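In what follows, structures are represented as structure tokens.
Two complexes, one shared chain (subunit A), two partners (subunit B, subunit C).
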Partner chain A sequence: MNYYVIKNNQRINLLDIPTIEFESLKAQLAITNLRPIAFFGADWGQNIKLYTALADDERGEILLSSSLIDKSVKGYESITKDNSQYHMFEREFYEQFGIKPEGHPWLKPVRKNLDNYEFFEMEGEQTHQVAVGPIHAGVIEPGHFRFMCQGEKIYNLEIMLGYQHRGVEDLMVKNPSNQLAESICGDSVIAYNNAYSQTIEQLGETKISTKAKLIRAIALEMERIAIHIGDMGAILGDIAYLVGKEVYGVTRTLVINTMLEISGSRFGRGLVTVGGVNFDIDKKMSDKIISTLITVEKTVDKMTKAALKSSTVMSRLEKTGTVSTETAQELNLVGLIGRSCGLNIDSRFDFSDEIYSALKRRPFSATNDAYSRFLIRYKEIKESISFVKHFLTELEKHLDEPIYTEPKAFIPNSFTLSVVEGWRGEIVHIATTDESGKISRYKIKDPSFNNWYGLSMAVRNNGISDFPLCNKGFDLSYCGFDL
Partner chain B sequence: MDKNIAIIMINILTVLFVPFLVLGIINKTKAFWGGRKGASVFQPFYNTIKLFKKDKTISTTTSWIFNFAPVVVFATTLFAAFFAPMVNGYSIINIAGAFVIFSYILGLGKFFALISAMDTGSSFEGMGASREACFTTIVEPAFFIILASTVVLSGNYNFNSITNTISNFQSYGILIAVLASISLLVMLLIECSRIPVDDPSTHLELTMIHEVMILDNSGFDFALLSWASGIKMVILMSLIANFIIPSGLNNSLNILLYYLIIFVLAVLTGTIESAIARLRMSHVFEFIFVMSSLALVIASLTAVKIYGV
Partner chain C sequence: MFDTLKMKLWQKNQFIPDIKNAPIREQFRGLPKLDDSKCEKCGGCANVCPMGALSVNPLKIDLAKCSLCGACQRFCKNKAIEFTNYYKLGVDSLEKLIITQEITPENYHKKAIEVRKEICGIFNRSIKFRQVSAGGCNGCEMELNAAGNANFDMGRFGIDFVASPRHADGIVVTGPISKNMAYALEDCYKSTPNPKVVVLCGTCALSGGVFKDSMELNREFIKKYHIDLFIPGCPTHPLTFINAILDFIRKK
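What follows is the complex of A and B.
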């Protein structure tokens, strides 16, 4: 095994990452039981440098390795054949650098060349195709869904995305900014901005104050609370349980309005900046947040209890869209969805810094279905509310600290990696700098990148009318995937 | 004669305009349970007026059927309403066996709605049509059994004889009227695409039944279709009202009671929609079988009454 082991948010010298033969790197990846969090290429003179990062969730370590591939190489034997967790990464690598993973079982476009997309098709007397999107009936993002059905039953769902590909990674190299980072995925403003800011700070080894870290963590948890409540309402809305939809909707507003009071934006835009945060939380604000969260918790408790008591709600949620733990593992599902399928991963704790290390997670017994996806949100809302309260008391110990530290210049030939657990799951930002200290490659991985395929698995053998319910439970990002 | 003309006028106005109010009241009730203020009860009326003023967009894949169907659906629904007993238990066209004509005229409308949905070539509308056809197949026999039983029971084959159910048969009549009302309410939820069978407010193409069939219709056509669906709801509510209202009341009391029952039914529908979630598509059949089994009970009771035990 030839790895360089780092912690989350650590700057290392780019050349410290071992560069090994591609064949031996592949052999390493095929046999390891650690899950990949990054697998991407970067231009390296005459070659392409392939970086891989594996997450050791138990030890909280990230294992880095790399390999050089000559640009004249046209293909290689696919890793996915031996380790299915690489299926999306290899497709992305192929699309970005044109090196074909031979024998990849599902080598389809990720974001580009959508015109040449070949759908999986089935034939038979009663099989029919249902094509949905890219323009949908509701106000949601564009994405094309192709169902292969027999009557009401879904055999296969194929998801074609990429309609919102903006070239974010290249933009990040050219002109990195907080404004760009928080626009990548509008429902994870804080998570993205935290990941970006941590990455950029580490490039110059800027140390920010604990107070700023706490405020970032508070905002991150507030975002989680707000989106989770909204999603619970949306799940109930899709099964036409109108009271739930409306009560959760109102409650979510309380949370995002508190964000508005903290930062001037309901989604926390402009709150986090490289070097710290732009807005302070004083004692008065702190009390206000706590009193809002107490109300929120009460309402959510009451509503969730009522909803779960309703037999019609339970009948829709239970055993709908089940993804087995094995499938989740094979597909490398992450974050909320991974946890709802029984995977015990949460990068807040697995790669914890001093902010989260004192906190405890509540136990959760996953049932892998739509019910599990509903219930885990409730559990995480409760957790996050207690976390925010904890952070606010911690904040009182650091009242005198500055909220902003001037960031230092980037160190040449650096490599930094930052993992942030957004409400959807782990967001990975990686940046490298060249000899002159300019950013040479910026890589982003959204949790949706892992999880979209999980949705396909969830709806398999379910009724097509249960698709919206499964989709809301996953609630994946289109723009975070498309980048 | 003058009195009859007055009743006919009231009937026609009720058929045409009460549907908007009923929809408005249902939406208001849902808003109330959701803690919202909600739109005015006249909003469905304004919406329809707005739709009538709008242009329609017609998909290039459609044929004449798509253009023709909304008119047929509206015409058949309105025509069917003239056979049904409405305000004051009065049927405008009162002939023996009218309930058979009534059902098949509605059936004709539904047939056109189905082929119009298929005509668009959209996979959603095809699915919607398939579901609608499937559910209707189960609803229809139950509806027939209920109406046939009560009409046969009354001894004359006029549709409006259902108004006499309670008065003519006392305890039997009350039992039958209550059972018939419940099963017609179930039918109303199915036929008028309400929760728990269908959800008219969310726009999830993959789960809808009736709403998805009119997805391609716009402007004038869409206005006609939604108006027709409102009329159908009022017809079914009228049947329930006429089962419940005993005959022999004076006209003004009867009419008052009629509107009261329509109002209560609208509030009830809104409340049901707020209180429960939608059924899983595969469980809708079980819900429809509630209606079928009640129909069989009514048929048995009728047989017992006619032939003795």
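What follows is the complex of A and C.
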């Protein structure tokens, strides 16, 4: 095993990462039981450098390795055949660098060439296709879904994305900014901005104050509370339980309006910056946050109790869209969806920093279905409310610290990696610099990159009318995937 | 069922009664207020602006490019730039989005959207939109969804989003318009029956925003077709959106 082991948010010298023969790299990836969090290429003179990062969730370590591939190489034997977790990563690598993974079971475009693509087909008397998108019926982002159905039952769902592709990774190299990081995925503003800021800070080994870290963590948990409440409303809206939809919708407004008071934007835009944060939380604001959260918690408790008592709600949620724990593991589902399928991963605790290490992870007994995805949101809202209260008391110990530290210049030939648990799951940002200290490659992995295939598995053998319910339960990002 | 009904009673009425004069928190960053006499022309604000929305000679901000992030306000020690919480930002032509020191909320709003007889005649009491997210980050989409929730409730003014362009009176475009969405957007436009209106919503749609230098955009749609309404904001606040549409379809 030839790895370089790092912790989350650590800068290392780019050349410290071992460069090994491609065949032996593949061999060590095929046999490991650690899950991949990155597998991407970068230009390296005449060659392409392939970086891989594996997450050791139990020890909180990240294992890095790399290999050089000549640009004239046309193909290689696919890793996905032995380890299905590389399924999306290999497709992405093929699309970006044109090196074909031979024998890949399902080599489709990820973000490009959307006009013609192959899809699974079925023939028979009662089979039919339902094609939806890219423009959907609601006010949501574009994507193309193709259902293979027999009667009402879905046999397979083919998901084709890439419509939102805006070339974010290239823009990040050319002109990185906090504003760009915030606009990669507008529902995870704080999570993305935290990941970006931590990555950029580490490139110059800038240390920010504990106070700034606490404010970032408070904002991250507030974002989680707001979006989870909105999602619970959306799930209930899709099964026509409209009281739930409206009550959760109104409760979400309370949280995001508090965010507006902190940062001047309902989603916390402009709050986090490289070097710290732009807005302080004083005693008055802190009291306001606590009193809002008490109201929010009371409403969410009452509403969830009323909703789960209703038999119409329970009959739609229970045993709908089940993904077994084994499948979840095989597909490397992460974040909220992974936890709702019984996987015990949460990068807040797995790769914890000084802020989260004082907190305890609470267990969740997953039932793997739509009910599980509803309930875990409720559990995480409660959990996050208690975390915010804890952070606010911690904040009082650090009142005199500055909220902003001037960031230092980038160190040449650096490699940094930052994992942040957004409300959807782990967001991975990786940056490398060249000899002159400029950013040479920026790589982003959204949790949706892993989880879209999970949605496809969840709807199998369910009625097509249950698709909206499953989709809202997963609530995956199109733009985070498309970049 | 009784629990559900109790919940409804406990929540009472949540809607904002007077949407045109709805209060908003003072921290909200809306229309900027500029003071050229305080400006030292150091150009620092233009450097910190990642959107390229600022120029200092004379001091002006192009709201079509501005993401209202407030970086320039924080940079300027002389307080030449200040963001007010004025939220009625929608206009009917791009030139009106250039903010100089003469602009105050009153004279901005007076000129912002001119009354068009044919629009007020047809859409006065109901206008239905088809929303197209063409590379949007989901921020504007979430705010447009929020415009229909129990707080803002734009449905009571006859403004709604419908599922098909065939049922719509116009389209609302969010996002910088990626290459991959250009065809679908145009298709959607063509499928909407005449007479139709086009509304651009959010900084990305107005100018490409933070993605303006990307190679993956195709903004021909904007040049090709007439745009009726430009609504800035990153993301556009529900109050900004609803008020712009109301000014557009109703006589003042």
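To be clear about the criterion, the second predicted complex is superposed on the first by the 483 of 483 C-alpha atoms of A that agree within 3 Å, B and C clash if a C-alpha of one lies under 4 Å from a C-alpha of the other, contacts with A are read in each partner's own complex, and residues count from 1 in each chain.
Here, a residue touches a chain if its C-beta (ideal position, glycine included) is under 8 Å from a C-beta of that chain, and two chains touch if they have at least 3 such contacts.
Everything quoted here is computed from the prediction, not taken from an experiment.
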| item | value |
| --- | --- |
| First, second, both or neither for A:Q329, with subunit B first and subunit C second | neither |
| First, second, both or neither for A:T127, with subunit B first and subunit C second | neither |
| Touched partner set for A:E152, first subunit B, second subunit C, both or neither | first |
| Subunit B versus subunit C as contact partner of A:F467, first or second or both or neither | first |
| Which of subunit B and subunit C A:E246 touches, first, second, both or neither | both |
| First (subunit B), second (subunit C), both or neither touched by A:D238 | first |
| Subunit A: partner with more touched residues, subunit B or subunit C | C |
| Partner chain(s) touched by A:A137 [first = subunit B, second = subunit C, both, neither] | both |
| Which superposed partner A:S310 touches (first subunit B, second subunit C, both, neither) | both |
| Subunit B and subunit C contact sites that coincide on subunit A, given as residue numbers | 137-138, 241, 243, 246-247, 250, 310 |
| Residue numbers on subunit A that touch subunit C, as the complex places them | 111, 114, 134-135, 137-142, 162-168, 170-171, 174-175, 177-180, 183-187, 189, 230, 241, 243, 246-247, 249-250, 253, 257, 260-267, 269-270, 278, 302-303, 305-307, 309-310, 477-479 |
| Interfacial residue positions of subunit A with respect to subunit B in the complex | 128-132, 136-138, 152, 236-243, 245-247, 250, 310, 312-313, 315-316, 320, 463-468 |
| Contact set on subunit B toward subunit A in their complex | 30, 33-36, 123-124, 126-127, 195-196, 199, 201-207, 215, 273-283 |
| Touch list for subunit C against partner subunit A, complex | 1, 3-4, 6-8, 10-11, 14, 25, 27-29, 50-51, 67-71, 74, 83, 130-146, 149-151, 161, 163-164, 175-176, 178-181, 184, 188, 204, 209-211, 213-217, 234-235, 237 |
